[in-house]
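In the two complexes below, chain A is the common chain; its partner is chain B in one and chain C in the other.
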Partner chain A sequence: MTMVSSAPRDPRRTGRYVYATAVFLLCAWVLGPLYLLFVNTLSSPEAVNSFPKTYVPEFNFESIEFFMEFAGMTGALWNSIQVATLTMIMSILVGAPAGYALSRFEFKGKETFRILILLTRAFPLPLLALPLAVLFIRTGLDDTIFGLALVHTTLAVPFAVLITFSLFSGIPMELEEAAWTLGCNRLTAFIKVVLPLILPGITASAIFAFVISWNEVFAAAVLTIENRTLTAFLLQNLDTSALHLKFAGGFILVVPALIFIFAVRKYLFAMWGIANR
Partner chain B sequence: MQARYLPYVLIAPVSVFLGLFFLYPFYLVAQTAFYDGAGWSLKNFQEVTSYWKFPISFKNTLWLAAVVVPIQLALALLMATMVNAMKKGRDLVLYIWTIPLGISDLAAGIIWLAIFEQSGFLNSMMHGLGFIDRPTALISYQNPTLIFVAIALAEIWRATAIMLVILVAGIGLIPREYYEAAQVFGAGRWKQFLRITLPLLRPSLSTALVLRVILAFEVFAVVQALGGTLFPVLMSETYAYQFELLNGSAAAAVALIILGISIASTIVILRVLRVPKGATI
Partner chain C sequence: MKLKVKLTSAVSAIALSLTAVAVQADVLFWSTQAKPVEEAQAMRDQVLSGADMAVDYQPNDGGPWLTRLNAELQASSGSIGVLGALHGDFSAMDDADLVDLGSMGVASASATFNELAKLGTGDMQYIPWMQASYIMAASKEALPYLPEGADIDALTYDQLIAWAGNIKEATGEAKFGFPAGPKGLKHRFFQGYLYPSYTNGVVRTFASDEAVTAWEKMRELWAVTNPASTNFSFLQEQLLNGDAWIAFDHTSRLAGAFNERPDDFVAFPAPAGPTGRGFMPVIAGVAIPRTAPDMEASKAVVAHMLKPETQLATLRATNFFPVVDVELPGDLPPAVQAAGGAVAKMSGSADANPGLLPAGLGAKGGDFNRVFVDSFERIVLAGQDIRTVLDDQKGKLAAIMNETSAPCWAPDAPSEGACPVE
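Then we have the complex of A and B:
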């Protein structure tokens, strides 16, 4: 290591500048379009429809106020939160055990099962909401939070299985075997040794589940009528609406997602922390 | 019971769940697609593929995936290795880079509409720089290339973060010792990336690629928000058949075509990035 660090200074410094510039540009690439949406949202409807645009928001809340006063907005928001939380819990509880089984055991039908999981993702799943709508009316699940969460879990569970599979595969079997020789059984070894290592990754895949549900439009629009989620509600009302309403709608979709990613950022970083073990 | 039945107990919940909410409705959709009112036939497929819009939407879907996914893969790999080497400010940078993870395709379409619409920011910028006097309609049937670029940019902007997170997690699982050993033997950054990161990242790469490619074939809301009917893709055809033409059988047939190309690409990716049996990190 010490031998390498005695390399010439100058190229290394240039490299660092290039590196910093690249990081900055990539950050700007992500934040720039979001900023422009915020400018549009925080401007009056007149400013939004005028030309040329200013690049600084006027902090005028007319567009937002107009949007929030749309009947049913707050109810739709609450529905979205409930559906997404249920989806998150169900997909991890159902998906993670299968991810563990795939990574730890050789069993008959394993490859078939793996292909089945992947095939699930290979189908435009929102379309399955159409036959399910008929099915749900028969079973009384139509237009309920739980019914929609079931469909969203179908969307999210293959992600949960694949991601937990890849995460469990990265934890050496030897760690568990060592725990067994020290008096743990399968379950206690899993809880005491594997779970702490895997928890950040599990959280990350839970984020996927939540976000998949939060952002899903098609199935939500098909399966709910009275209890619309935010996306279905927006889609229904945005179709014919003016520009400033579209932008306010986009803003309201984005803000909770931003807060959510911010709230779980520690777990994302903890997942990164695995690299330093 | 332990080792023999345990895997089956563990996969049982997913299997039951997918049986009820995936296989069964899938069977219903397939039945609809192959049924023409009197018996089994390919009539629905003939109907959708002979429609003049089909070749265009098929081509658009494949082109979009072929352009967007490789760029996203390269970008995600670059970002993941940069985050991995970062000492200061990595929490903040990783947060910023993963923001699009939470943003829906509908919202992403709206965001890029703010830039590309007629009185939008791109026109304002060109006006400010003196390139144009009056705003021109950027997203119109006269500018098919620009529509494609706008949709591709929105997709790259939105969906690279999904790959990034999977790759960052994957890189984190590669033991540091490998890099230290490589440094001892004098391997540079680039060589380390090619010889250690890439090969050991194969499981994460295949996961990320499969998810991304399949989602690319399902692109819908971004296209609706930005291109509307000007840029038909397979999913928007399905939607039009179902809700505008009220032809559920045709919608099911297009859905099965999307399914076909998704399965084909999944098999290719899994074959190419297969991890040899017995090889572990």
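Then we have the complex of A and C:
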């Protein structure tokens, strides 16, 4: 009897170990590189190149100071924020109605349409950039925040459509129908009943749009000259720069995006709450 | 009504101020060179600040650089004032798209460079701007392992292999560093160093018996090369962190090591083979696209780049050497002194066998490099039979030469028409 009681382990405890390990690994996967970026940004060039590495920052601001004096940094940062915000707004304005239509209406070629949306991501930008740039130069969209945001919106729309499509599908049609019987029309039912429910999901696709725009280099480098985004301005020059400046530049590119995601994170968590229910 | 008037005047005021900005816009210097942030900063602060007009220096990757330029050419309306790029970048362009600069009265001191800048046409397509080369560098820790009787300034490939072998034996680690990474310039080693040193040619001798010997040596060298070299693209990093004690790379890609710890490293000429000490100069040039918005301002910038004092400032900023006659001052950065000495010894050595940059290949320059990189990957990394690989790649090389009908360049013997692969 005693033998039997000691032999089988509680499966739930094993499960908890697996869960904890998985959580730990996921956190390490994200936080590890960020921490190394942080430490090396705040280390002197000698420390960055030396071996073994230290894992404690020495708070040397040499690399950061270099970028503070680097001509055009703040302008590029401001351009990046403008383009990313505009991309976010436009991709939601275009993507959300498309997602709603896909989930609520039956129409001819619906499946084809869903595939076609994904096709906008099927062509590499370097292939599209030349004709786009020619068109932009001819129409005057060249080197404008709005023109670049248009391109980034095209890249972000598939995500916006697919995310909002699955969100709308998760909200029972009956809720809307109930609202109609209580005096709402299609629009007011949407605004009063559906919109509050999917707002977190909208935020998620907004974050996607923001990050896509923030990270995009090629179109930004070709389509803007005076109004460069931070990524176009820095990223293509970092790969050939000295190691300590690579770290500092990477840090500068990552931080604003992190701040943005932290600012909107509670909406994101709320969406996962919906998914769990 | 009043509001409407106000709005209209506001809008026109904005439009006016926008056009005003456009009129006084800086000359846009669209470059593939001096790309690292420190060099870009030095170009803006030290080199271009001396020009009479405001210059906006924008360094780019090759892809966006060419795409933007082509877009402006196609739209026949441009914002790029001056182009800065390597000889190879210009030779890939349509010569009608570059303004003839022959009448400007500025040129480099080297007749060879000026001839190359014509890109096979009668006109000066670009003006040589700065030059560099590929050299060897070693950590002083490696010096005690030099094989007996070897002179570091006159090494042979066999001595280099023996040297790296000694280090491997003593430390247990292969410490020769080779730029075989994705952004590494390995193809230049084969085109400008290995082939001229062993076969006295590049195209004609591509699949010769001497070439087989050359690739055998490359295999021997690879056996004592840090296997992580397939990730190395800027050997200054590996010299600084000790992954490589001996390295081959572009002078500006070794500069960081010399500038950071000048007392720890030495620079020396590339090794020699049976047919001499092959080495390759690198030329960057400045050109003006036909769509430049303000031709006079662009020409003024080009003229500014060729002034002796600008050339010295460029040397300090980028570690690329002047192309005009100019006395080098004594207070140059350590990297410039070290590289300058090594290049001078290399080009001045009795057995020097300079190989020129591939010329006349146009847009096929990348394919030409690919032939050498593929051969390296198949022979050295994958261990395939040398003769088989060379005979296989020979066809591709011949096709490129025939398609572009590029004549031979040194050290290959001159040809009538396309350079033949023998």
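Throughout what follows, the second predicted complex is superposed on the first by the 252 of 277 C-alpha atoms of A that agree within 3 Å, B and C clash if a C-alpha of one lies under 4 Å from a C-alpha of the other, contacts with A are read in each partner's own complex, and residues count from 1 in each chain.
In the analysis below, a contact is a pair of C-beta atoms (placed from the backbone, for glycine too) under 8 Å apart; a residue touches a chain by one contact, two chains touch by 3 or more.
Because the structure is predicted, anything quoted here is derived from the model rather than measured.
Q: Quick one: chain B and chain C on chain A, clash or fit?
A: Aligned on chain A, chain B and chain C clash with each other.
Q: Where does A:V193 make contact in the superposed view: on chain B (first), on chain C (second), on both, or on neither?
A: Touch partners of A:V193: none, neither chain B nor chain C.
Q: If we overlay the two complexes on their shared chain A, which of chain B and chain C does A:I261 touch? Say first, second, both or neither.
A: So A:I261 only meets chain B here.
Q: Looking at the overlay, does A:M88 come into contact with chain B only (first), chain C only (second), both, or neither?
A: In the superposed model, A:M88 contacts neither chain B nor chain C.
Q: Just chain B (first), just chain C (second), both, or neither: which does A:F218 touch?
A: In the superposition, A:F218 touches chain B and chain C alike.
Q: Using the superposition on chain A described above, determine whether A:F66 touches chain B (first), chain C (second), both, or neither.
A: A:F66: touches chain C, not chain B.
Q: Check whether A:L31 is in contact with chain B, with chain C, with both or with neither, and answer first, second, both or neither.
A: After superposing on A, A:L31 lies in contact with chain B but is clear of chain C.
Q: With both complexes superposed on chain A, which partner does A:D143 reach: first (chain B), second (chain C), both or neither?
A: It touches chain C, and chain B stays clear.
Q: In this superposed model, does chain C or chain B come into contact with more residues of chain A?
A: B
Q: Report for A:L245: first if it touches chain B alone, second if chain C alone, otherwise both or neither.
A: In the superposition, A:L245 contacts chain C only.
Q: Output check: A:N40 vs chain B and chain C. Expected answer is one of first, second, both, neither. What do you get?
A: The answer is first: A:N40 touches chain B but not chain C.
Q: Considering only the contact definition stated at the top, list the common interface residues of chain A for chain B and chain C.
A: 49-51, 130, 217-218, 234, 243, 249
Q: Provide the residue numbers of chain C that touch chain A in the complex, in ascending order.
A: That would be residues 25, 28, 35-38, 40-41, 44, 56, 58-61, 63-64, 67-68, 70-72, 74-75, 77-79, 183, 234, 236-237, 240-242, 256, 260 of chain C.
Q: Quick one: in the complex, what on chain B touches chain A?
A: Those in contact with chain A are residues 2-3, 6-8, 10-11, 13-15, 17-18, 21-22, 25-26, 28-29, 75, 78-79, 82-86, 90-91, 93-107, 110-115, 117-121, 123-124, 127-128, 135, 157, 162, 165-166, 168-174, 176, 180, 183-184, 186, 203-204, 207, 210-211, 214, 218, 220-221, 235, 238-239, 242, 248, 251-252, 255, 258-259, 262-263, 266, 270, 280-281.
Q: Please give the residue numbers of chain A that touch chain C in the complex, ascending.
A: 45-46, 49-51, 66-67, 69-71, 126, 129-130, 133-134, 136-138, 142-143, 217-218, 221-222, 225-226, 228, 232, 234, 236-243, 245, 249
Q: Chain B touches which residues of chain A in the complex?
A: Residue list for chain A touching chain B: 1, 4, 19, 22-23, 26-27, 29-31, 33-34, 36-37, 40, 49-53, 55, 93-95, 97-98, 100-102, 104-105, 107, 110, 113, 116-125, 127-128, 130-132, 135, 150-151, 153-154, 157, 159, 161-163, 166-167, 169-170, 172, 186, 201, 204, 207-208, 211, 214-218, 231, 234-235, 243, 246-247, 249-250, 253-254, 257-258, 260-262, 265, 268-269, 271-276.
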